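Each of the next two complexes has chain A plus one more chain, namely chain B in the first and chain C in the second.
Up next, the complex of A and B:
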């Protein structure tokens, strides 16, 4: 029984990799091969699909737009959530519990409910089709999540740390930046990972709030699929490339994730 | 932790409060505005009271969509939670296997949702997709674009593929926080594998599992992009879950009043369930 334990995660990972492999497989095929034959690997290996994406500006600007608003959102969310999470983990104040639940309710709001009002609202404040609009709208679900995760990490840091620092003559802000933030870097790493992830994968709001200038890559893909016929190879190549930023981010935070797990909070 | 009372802590919360309120309250008020009025454009509104709410609550279309949604969410929870725990229990605890498992298992979580839908569409196509082709080669009559049973099967398999890793990661985090001394004590007592799971591992995972169930409930109840790209809600209305039906009503038919009323009812359902979960979770936390 113990000997075959490794089989479970192995089978699961194979199941996870199959559709990803199929997408990669498609992306290296020519359109005629995709439509006419069923092949397990590309018979006529081609890089044309990728070439098109890297040379056509409507394609690659989509990637730049997405990365721009995702990074912007991650920084806004974490920067705003840090002091708030500290307040929730250290102090009692009027309405704290209700405020915390209210924040979480926004993580629960179905984006489909908000799509149309968001469009009207951001148009009326002249932010429609800007990266800032998407970054701000993603705060709706990322800030509550960031506060929730950071609060967990901060609560696991004993309060004596704060008190000792004050006795040693640290001012609050000096303590916060010089001592407190370095002790919870693992938590901040994980929070940034989750903010990046949820902003990167969201499409409904990002698509609703943009037209041309800030259009995310994912939206470029859906429009191609519907307007210029079904160019499956191109679509598969664009899809494969959307996996890359996520994979890079996972690779960099893998040690933080392990550390964060040791603290018992995700 | 005993917290000190400090009203000035509100200053720390203000940035978060302003940013979220900016995004939440104004759009929500717009929805409320539409839910009680009839509009003919040009900012002309007529008061309708609760007419849209009554209309939605008795409409068969809403009942059908809600029924499909509840069934889908239940199936998702019943499959993903036990499967996630099972995989987490069998994951390596140390060595090179840990980062490999963590990185590979997180992959589906970081793929944009419409790419997930498109990927599964290509994967499941009966003629050129690996899944569809294999199933048909094995003698099954499989076509997810035409048979509603197959469409459900594909949508559920896609969601299991997409989100089980989240449950695995959370459960694994819970398991890692168990001290080795517990296992040694269990071994001395001659506890069975089941007893170890029931009395040591499960209680330790309780907190993260509540988070996992809460997140999976919220996200599967709000699911929109993946089934929209995969099946478009079809064949017919077979996989038109609440969000898909809502967007169809609001943007497709531009029935803003009923759509807004439906949004509020929808939001209210999610809120109620989450409130119950949240209170259970907080009660557990104050106990431990």
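Up next, the complex of A and C:
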């Protein structure tokens, strides 16, 4: 029995990695090879797919657009959620618990519900096809999430810390920026990660609210056929590259995430 | 310098946390607020610090009304039961933070920090972060931060409660020395009567949001003005029995134990309060009285033996020096030191102690 200890984790990892391997595999093949033959690794190894993405502006601007609105959204969400979460964790006010729960219910409606009103609204205020429009629309689900996560971290900081700072002579704002925010950096890191992730993978709103100028990479990728026919290799390369930012972010916050799970709010 | 609470009241919603309270603390004194949890010690301290506003009443400091003055504008320090330090600062930065904010020059800050660190034995840890320290060291850091500025008022809210026994003993002995030569008023909240006795100074006993008695610690201990104050200032809890006095003779109503007294009281029924350490397995004092009982629990704590026993329909607690093991259910004889009895009338007011 002991001899086969490695077996289960190995199978698990193989199953997990299989789709990613297949994607990478495809991205180094030519479209002809993908369609016509079944090969476990590229017979005709090519980097043309990647070259095309990095040189053709219709492709790489997709990435830039996505990164632009995702980063913008992450900052808006965290900036808005910090004071809100502080209020929820430190003050009692009329309906605070209901309001806190109501924040979560925002996550219960599928984004598709909001696609039409958002499209109409952003068009009428001339924000259609801008990065700001997508960043703001993603606040719909990211701000409640950020408030929810941050509130957990803030509540784990005893309110006596605030009081000690006031007793020592700190004003509220000095305390908030010099002591409180550094105390919950792990929480802010996790919150940013989740905002980044949800905004990065969201497709429907991003696609609805953009046309050309702010078109996200995922929208570019869903265009399976072009004038030159099916470009499966190219799409696979684009897909592989789309995984990269998420992987980078995960690498940086992996230690914080464990802490977040321990707190039970992630 | 003095701190005066005039008719302070605190209500949260419909609930009264502090009933109308008048207290006056004088310059260079240590004042203990003694009471169980929920007695209102913390609320009272927060009002004194200016972290919370009283619903009614005024706070006067140095003959100035400071009721609405913000905590930042008052020169106070506070140490909590939890070990509160700024986690992102080193120990040194933690201690220096109240000085930094006032804009004192760095040389003086360094000087004062190293002096306080020395006093609290923190010098080797100055460059560490608080969460790398033991609980005792963390609390020392918090104390150092409270001592580094020349506060007019230092508030200590059960500062030793979260420490283990040994550290608590150690720090408890140091505390009074730390405040000795300071020009300030110290208020120390605790649930432990022994803390109050060790610290000395003045004590105010609190029960359910009311100050029962305020005076010199030993006076409050020896002459509690009523039964509640005596109960608050006794740990383990005080034994209370109904007695009858006829002439010189007092007798327990529940048992035929009798003793002589020369108290100048009218004949009738009274209550007697006997602290557990005045009931012992050995004779103590000139007028010791024998009492018999059935052992309920017998436990050792350190070098003391606590024996719970029943006599009449009452449960009694006794505390003796040394190790005295008794079996459960055993009939035993103990001795009460009647010199230390406290007599209360039927309205629970102290009427006499010998």
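As a convention for this text, the second predicted complex is superposed on the first by the 241 of 266 C-alpha atoms of A that agree within 3 Å, B and C clash if a C-alpha of one lies under 4 Å from a C-alpha of the other, contacts with A are read in each partner's own complex, and residues count from 1 in each chain.
FYI, a contact is a pair of C-beta atoms (placed from the backbone, for glycine too) under 8 Å apart; a residue touches a chain by one contact, two chains touch by 3 or more.
Computed from a predicted structure; not experimentally measured.
Once the two complexes are overlaid on the shared chain, A:18 sits against chain B while remaining clear of chain C.
Among chain B and chain C, the chain that touches a larger number of residues in chain A is B. When the shared chain is aligned, chain B comes close enough to touch A:94, but chain C does not. Touch criterion met: A:200 reaches chain B, while chain C stays clear of it. By the touch criterion defined above, A:183 reaches chain C but does not reach chain B.
In the superposition on chain A, A:80 contacts chain B only, with no contact to chain C. By the touch criterion defined above, A:54 lies against neither chain B nor chain C after alignment on the C-alpha atoms of chain A.
Judged by the touch definition given at the top, the superposed model places A:167 against chain C, while chain B stays out of reach. The residues of chain A lying in touch with chain C in their complex are 158, 160-161, 163-171, 174, 179, 182-183, 185.
Against chain A, the residues of chain B that register as touching in their complex are 1, 3-10, 12-13, 15-17, 19-20, 22-24, 26-28, 30-31, 86-87, 90-92, 97-99, 101-115, 118-120, 122-123, 127-131, 133, 161, 164-165, 168-170, 172-174, 176-177, 208, 211, 218, 221-222, 224-225, 229, 242-244, 246-247, 250-251, 256, 263, 266-267, 270-271, 274-275, 278.
By the touch rule above, chain C contacts chain A in their complex via residues 46, 49, 51, 71-72, 76-78, 80, 82, 84, 86-89, 97-98, 101-102, 142, 145, 149. Put simply, chain A touches chain B in their complex at residues 5-9, 12-13, 15-20, 22-23, 26, 34-35, 38, 40, 76, 79-81, 83-84, 86-94, 96, 99, 101, 103-118, 120-121, 136-137, 139-140, 143-144, 147, 155, 159, 197, 200-204, 217-218, 221-222, 225, 232, 235-236, 239, 242-243, 245-247, 249-251, 254, 257-258, 260-262, 264-266.
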